[in-house]
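Shown next, in structure tokens, is the structure this report addresses.
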């Protein structure tokens, strides 16, 4: 049961509503996003209680059969939402490309890649400083040193910075350096982390878990938005199936399904799904054709020496070629690649 | 171990080669496609035997580490192969669209749909007369009556006809009516059926099994081509995963993976993967963007009354809209939708 | 909608019932098993028709919300059914063990294995003569020669014979040699084959498809029983998942789920699920503990030389050890291993 | 590359070894468990460096082709390890049963259940105080209040307490109340949490991720053991597959596979895999038959009123019946259910 409070509801009325509900043995969860306040009511109400709640001053409506994710559901807004990362708009008319290395490895590497992807039309730079790795013996990232390199790359290229956060206690540090916090696949159901990124204002790139349904991804987003941060972008990046020819199985259907179910922007990561460089251009093209608002692409100047994800990283040339093809498809469906943020001479 | 015979090998030499191999306790499987004859040698050869076989007159080469599917492997040809279905070419520059109802239900229904999809740019008509159904209590198709309706639709619209074959004994009957035999997902590893369609000349549309890897699909194609019929088109149609938001999970990566591994044409069936009409346009667009040579789309004039697959069938209007979007994407990547066969006025 | 005819319904009444239903534009499917005749009615009835059908002479009941598999559903019988294969009863108190090589390779091999497994308590002999293989270049079985060897092994050991049938046209030949026809995983939805084994009296061992749901398996069994052959035993043999440590993922839960949903006997094949010899004893033990009526185990006297499935075949000693452990578990749950058919001295 | 230090290596030698490796541009990760110290060397060594490292004083051996999880691999110990939780030994001869409600809901509930499961032979009590829930609107647990109830139940019944930890910052609080920390499925790859539970001494119950491979589970355990805590018990609890008849697919094969690959104890959770009460006894029996060292079972006195996981919780009677069957199987394979810790009158 979910009660939506009216925009004219006073704080006193709100407190009274909560007291009333809890006084009848139920629990409440209050979520606020912009002018909308939602009170989720947990437990089985006694007969007649629903009507009584609905009649309280300040309650706009009460839904017995509420959507499972009232904040992020498509019905929650009249039009799709957009998320601003610096001066880049994700979810608008243009397709946004986020590119960069899997891990930040050195300042030289990062600057070389950043300059190159910016020139080809990327508007945000990705790069991991804290790396969640399956093996404790794999390279775990440069930490703060990596964040500082990202900030310098931003300074030089103007690209906004996206980097993964792996624990709530790192958020203050990261917010000193990055423009968008990525929640990785393995943390999609790390609910403490979801709540923590929801309680601060930096935009969040939420990657789908390898094992997570679309429904679970929307509920993960609901944790963030319900905690107060509406700036969430969803990312499809391949799920697990029996097929071993690719690292993951890109669930391309997730793009139109998400577009039907939520107002949040959706981007596609063709690199992790493919696990193999040569497949990335086709998957990037498919993502845009399917309706994605953006792409997240791994690029490396010397992939064969990369400390992580080398086999799936595009070379600088490969990225340029991919942008060319993707650009033609994006233009054909009237969603040109967004270069605006760079003030470049491209259309 | 696989021996390739030289194009100048005589029949007498070939017989001697086989006798020699079998005389050493090994089994052979001989496959022929065009001028290429391949002798697959099964069993463990005694030391020195490989060299002895390689030295026999008529043996061009002997490969110890042969591809698992020598006839369909990318390496088997210098360029991609094309498959002609009537005057339609699958695997050439243009994108080919095959459309029609899941099941043939009546002559009126079929003609209405056929006329409409032909007008919008489909060049082949799909329609099931023999339906393999999960439940014995579901509609199993009209059988020969359905085939006759398909033939009449071809006569009127000029569209070539694609229909599913479910058993070897039906092939002679079907060949009186259809231009392309479809082997369905549930029969992808019905090896008797694969051999049977390989021993006759009608082109074959081989759909990927719900549970089959890309490797297994290529081996299934090898059964057909190795039996003598090189006219095979592969179809990705969604695999099983844990996700339940869609009927299948369209493995869009299969398109570029297949393009790397085989010279055979590849088409995408967005309808079965989606299981839901509203998702089909996005998946069709993604398929073409990913590099597919064609699409297989379910269309029905009154989907709500369809005897099978209604929820995933596009309406006539939906198909027209889909063709418009797909056409723009196809043109953007220089693979315009092929209307040539219809002699229509579209470019 | 499913109509059950009364046991006193005459043939004339039955014909009239079918005429009446078809006269109202609906299709029918008639299934008979023992004294039960079920008429499945396909299509949407006009208002009032259901009542009219129910009132016809000879109709016992009409169910609008019928089980999807009326013949095999648990509700169809008051107690579990048993299937007799020769003098072996599957589905009774005892646990039945079927053992033998994947493929029949030679008479010596087969007799050595058959004698050994009989001595250790197996009561049925498995062995493939027609092998459905993923690759056309793999050993495809000895065919009729293999069947003849199986028959000779039965003669010498008294073990009943189970062998796979891959096409309807082979059934008459096979019925001259075998006691139980196996329908393999890849053919679980080969509906022509299901109907064909349903139209003859030899018991059928139906293996679950690698990626078939339990529901689909029950519908496959319904094809067989509905066609007239109630002697069906279901076999769980591992499904496909993302895990690659084993060849398949043994869905042990399928045993209690099937026991709840159907009255048919259920056996477990630990060999194909494991794909690795060392895991077989644990999985066999788990199968019996979970409530299976029997086991299907691959055994080979020289697994390292086997033409198929060597790595997962138990050695003769391994089989003896496995029977010892399984025997203790079976006894502990009061379902002792059934040695009766052999007239052996074991309890 | 992994270097194992000798047990006589001095701290000075160790420091010199690390300096030497890092001086050549490589990174190191040092893990210690008991007397074993392992130095994992990350990066590509220059030619000749491996030999130089091996020759350093204090290096016992250098492995270029090291196991991916040197601390938990089967080869790391001559015999299986045991984990002591209070006076309960997991991994010894007896089978250990951990039982209790999904969530702690009230003191009455908890005591009723604890007394009952103790009486039937459980030796550890499970119960969640911090619940990671897919939806932000589901009951999230009682937090510290729940922990206090668990401690009181322990006091009264003598049962050791197992409860889930969801974030590193909760560990000090939890260690005041519980005997074993559970890391849940959704956190199996929350590497910060794994490190945190590895840096403290309380035993850890590590549940397999819903879509994690066995290999990934072992690497997750390696994070914990490598951080200093060897007291890890692995728990198979069902993975995701396409089958929807059960909540998860219990990967029963994981039991023997884990027994081959690691020396750590393995328990099975039949409740989460089943998702349905009626299937739990069969799966519990299968787990013990397959070789598990213990079971983790959800039990509730009034499952229909449970705030979480009611449908899969056994009733008190159901638990008693399950223990009876499981006990017979355990005895049959000479691994009697361990009641020792309770000082009860059962054998």
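Each chain gets a letter, A, B, C and D, in the order it is written, and its residues are counted from 1.
Methods note: a residue touches a chain if its C-beta (ideal position, glycine included) is under 8 Å from a C-beta of that chain, and two chains touch if they have at least 3 such contacts.
Note that the structure is predicted; figures quoted are calculated from it, not measured.
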Path length in the contact graph (chain A to chain C, fewest steps) = 1
Between C-D and A-D, more contacting C-beta pairs sit at C-D
Distance from the mean Cα position of chain D to that of chain B, given in whole angstrom | 48
Rounded Å distance, chain C centre to chain D centre (Cα mean) = 38
Centre distance in Å when chain A and chain D are each reduced to the mean of their C-alpha atoms = 32
Overlap residues in chain B, where contacts from two or more other chains coincide = 211, 240-242, 244
Chain C partner, complex, touching residues on chain D are 211, 213-215, 239-246, 249-257, 260, 273-274, 278-279, 282-283, 285-291, 325, 328-329, 331-333
Chain C to chain A touching residues, read off their complex = 211, 240-242, 244
Spell out the part of chain D that touches chain A in their complex, as residue ranges.
-> 2, 27, 29, 31, 40, 42, 68-69, 132-139, 166-169, 186-187, 189-192, 209-212, 216, 219, 222-223, 226-227, 240
